[in-house]
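One chain, chain A, appears in both complexes that follow, with chain B as partner in the first and chain C in the second.
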Partner chain A sequence: MVVEVCVGSSCHLKGSYEVIELFKARIAKDKLEDKIDLKGTFCLGKCGIAGVSIRVDEQIITGVTPGNFDEVFDTYILSKVA
Partner chain B sequence: MEIKFDTSVQELKYKVLKEIAKGLFNDTLLEEYNEIPQRISPGPKSTMRCCIYKERAIVLERMKLALGGNKNIDNVVEVIRIACDECPLGGYEVTNRCRGCIAHRCQKECHRDAIRFDEVTRTAVIDKTKCVNCGMCAKACQYNAIQNYLRPCVQACKVKAISMDEDHAAKIDDEKCVQCGACVYQCPFGAIMDKSMMKEAIDILKDSDYSKKYPVYAIVAPSISSQYKGVQLGQVVTALKNLGFQDVVEAALGADMVAYAEAKELEEKGFLTSSCCPTFVSFIKKNFPTLTDKISHNLSPMATIAKWIKEHHPECKIMFIGPCIAKKQEIKDERVAPYVDVTLTFEELQAMIDAKGIDIDSLEESPLDNASYYGRIFARAGGLTDAVKEALAEQSSTFPAKPISVDGLDNCRLALIKARTGKIDFNFIEGMGCVGGCIGGPACLTHEPRDKADIDAYGKLSKEQTIQDSIKYYE
Partner chain C sequence: MTNSRLLTEVGYLSFNHVGEQLCGDHVEIVSPNESVSILVLADGLGSGVKANILSTLTSKMLSTMIGGDIPIKECIRCVAKTLPVCKERHVAYSTFSIIKIRENRYVDIYNFDNPTPFLIHNGKVMDLDYSSTVIDNKTIYHAKYEASLYDTFILMSDGVKYAGVGETLNFGWDTPQIKDFMGSIYQKEYSSKALATELASQCNRLYNYRPGDDTTAAVVRIRERKQANLMFGPATNKEDDNEMVSLFFAKEGVHIVSGGTTGTIVSKYLGKRLVLDTDYLDKEIPPTASLEGVDLVTEGIITIRKVLQYANNYLADNSDYFEWSYKQDGASKIAQYLFEQATDINFFVGCAINNAHQGEDTGINFQTKMHLIDQLADKLKQMGKKVRVSYF
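So, the complex of A and B:
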């Protein structure tokens, strides 16, 4: 599975680097290195919304923050790779 | 937004670019083509040339260059022959400041026996058939009465690539030209122009349905922060998105990557010249071939960030927008061509924004933040040197870096001559073809003393404080 985190200007300022760190930690914790390909991407076109945009395979998920990260991970990612 | 240009030549060029861009965006170019010269030179009286017909004929030539110019000439800089005013060649001439003194130092210094004295006025006269323009007489004269009259294009060209053709029009030796663009900016008649890729740019934007079918990315040179004085940079970013770009990315992020890699390369090799400025790179290859292997192997910041984007979005198109004419040549290089599709200048961008009727003043701001302070200051001379020093420090390197920063081709030449001898007290040359670095670029809308301060101020606004923080997720 390809997970892309937006590192465009808007998401960068809203904390995409923190979200990437959370992804790295979670992938390591759940030992999913072989299943998840974590990448950066530029703007996904959802700048107006609070939080960081990510793309899981072809689906764009907006509003990711450190606060809802685990919930997002469980719903959109873990359920599909586990 | 009121646009301020340094000269009326730039304004004229802008008007032509804007008309062409308008025609391309609206698919009306074919119908309007023959009307454009009249729109720009309405007449009935001429304002720039001997007659209104010549004025319009020259506009037509500018339009050809705005559409890409002569495809048979690889050089992106071209002479508009009929626009060349065939300025007098002159060379050294005696002015009326000559007082007819009795010392005759000018004559004694002349090794060609080219100076005699008028019997009536007793002033010096140069015999042009003997004079070789060595300038010794001018140096000898205590009244500075002997002046060197060079054509502005010849004076601007630091690689001696400009001469005259049989009809006295300027001629560029493409083998010598390094595309610095100084002649384009300096010619008072606007007779030398860079070829535009606006047609390719607008074709891509339209073909992508303005980034709906596939993303089109704009990579902007860090000098953009000194270009738009009346509006916020964030508004310019919105204007770019309104033009149809998916996203705007700072070339400064590529600069961060380059600084980091170049610091490592410097430590490995012990001596290095920078590879950011395409004019400087070309200048070394053409004039100091023995130093070619000292040129950093890193791609330029533009190409480095473009490579990253293309690898992550293979379907995308990428355009670079900057102050630089040489970047148009750089993207023809086989190492760069796969990554950058089009180079535009700030002049051309402005023409495209205005052709689309986008009013920058009325736009909301969009964020632009991809790079660190160090990447952003690449826009001015000395910035790359600061960044490489910082990168070495961040890598906890103990390598004794002794960088020098040279800008303008005359200064570049001096540093390279020293480097060729090997007896040097520096081990890194930051070379910038334009005086002041990229903020002195020939396709900047304006050149002002405060540009450098603007660059530094914008650099300090970066979210990421170090180069490492800026690039750590871009491996």
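So, the complex of A and C:
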């Protein structure tokens, strides 16, 4: 599974760095290195929405923040790879 | 004939006497025409306001007169008559070093009471061959030299020579150590500003960051011209994108693309994939991307804003040099390309309004973007770069 985190100007300011760090930590904790390919991407065109945009296998999910990170991870990622 | 592939590059850095707001050393750089470069480093008697006035007058007068081909004897007499006499010491006094380079080749150096300027030739420190003349009781040393590519001349005020006295060293740092230091750090890729920054900052460290004297290092060297091209933002009209990109690639030299959308446009034009790095090398600066055929792809506005911050610092005490000169994030790399390596810089600025960013509270908008480029171009000109900005 490919997970791309937007690092465009707007998402960067809204916390791309923190979200990437959370992804790295969670992937390591759940030992999903072989199943998840974490990448960065330029603007996904959803700048107007609060939080960071990510793309999971072509599906764009907006509004990711450290606060809802685990929920997003469980719903959109863990359920599909586990 | 002037070899237009070559350039005389100048750079300097001063640290003020501790507690003084004004520097008693003054550097004046003039280029009366394309083939002549002149740098004058003057060190006024004392420190603070008085020294500043003496050295400013001296360097301004000397650089203007030498630029006007007035014989050195007359220049010096004129300065001596003009300088205000110090009430406490009853003398009018400012030491100076002058370097004049014609056609990136013919060098004249005059020195009066500053530490003796020297040269790095083929990577080795060398002394210049001076002869002396006495003008109005002042002994002026003069050296003539025919320079070749990468020859580097080092001029300094006596604050460099006495660095560390009373703080970390007592006379342990003198001309031989200065020469050793410059010889050891020298690389032909280093710009004049980088070399001057290394020397002046080393002195500042020896003074334990409390310089006991105004300290100035100035470096003049012969180098090759080098072009860099930076594209920033998509064109106002989508149909102009291709023209902008093809003009950009028609230029020789380094190619930098700044901006996610811009990167995507270029990647389509080249038919190559844009690969983004996930690693944040600097938490503040979004990651760079790689694209075959382009030297560097970065995020746009945040990266450029950081570059502008580095540019402002470069023109002040250049302390950030010790960060951006080795770091690998997008902003540091742009600073290396533009400040260190390039002499001629072309900006290709696309004026499309990024609708995604307008009206957000992120501080990113069209005005900010245009303002950033104006400021950056202006700072680069102050660094002595030839800058051209084209809008699309």
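As a convention for this text, the second predicted complex is superposed on the first by the 82 of 82 C-alpha atoms of A that agree within 3 Å, B and C clash if a C-alpha of one lies under 4 Å from a C-alpha of the other, contacts with A are read in each partner's own complex, and residues count from 1 in each chain.
Heads up, the rule we're going with is that a contact is a pair of C-beta atoms (placed from the backbone, for glycine too) under 8 Å apart; a residue touches a chain by one contact, two chains touch by 3 or more.
These numbers were taken from a predicted model, which means no experiment stands behind them.
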Chain A superposed: clash or fit between chain B and chain C? clash
Does chain A have more residues touched by chain B or by chain C? C
Thinking of the overlay built on chain A, is A:Ser9 touched by chain B (first), by chain C (second), by both, or by neither? both
Is A:Gly48 in contact with chain B, with chain C, with both, or with neither (first, second, both, neither)? second
Between chain B and chain C, whom does A:Gly63 touch in the aligned arrangement: first, second, both, or neither? neither
Given 117-125, 153-161 or 207-215, which part of chain C has C-alpha atoms clashing with chain B after the fit on chain A? 117-125
Jot down the residues of chain A that show up as touching in both complexes, chain B in one and chain C in the other. 7-10, 12-13, 17, 20, 39-43, 45, 47
Complex contacts: residues of chain A adjacent to chain C: 5, 7-10, 12-14, 16-17, 20, 38-43, 45-48
Footprint of chain A on chain B - complex, ascending: 215, 217, 237, 246-249, 309, 312-313, 366-370, 463, 469, 472-474
Residues on chain C engaged by chain A in the complex (per definition of touch): 260-261, 263-264, 274, 276-278, 280, 283, 286-287, 289, 299-302, 356-357, 360, 362-364
Sites on chain A touched by chain B in the complex: 4, 7-10, 12-13, 17, 20, 39-43, 45, 47
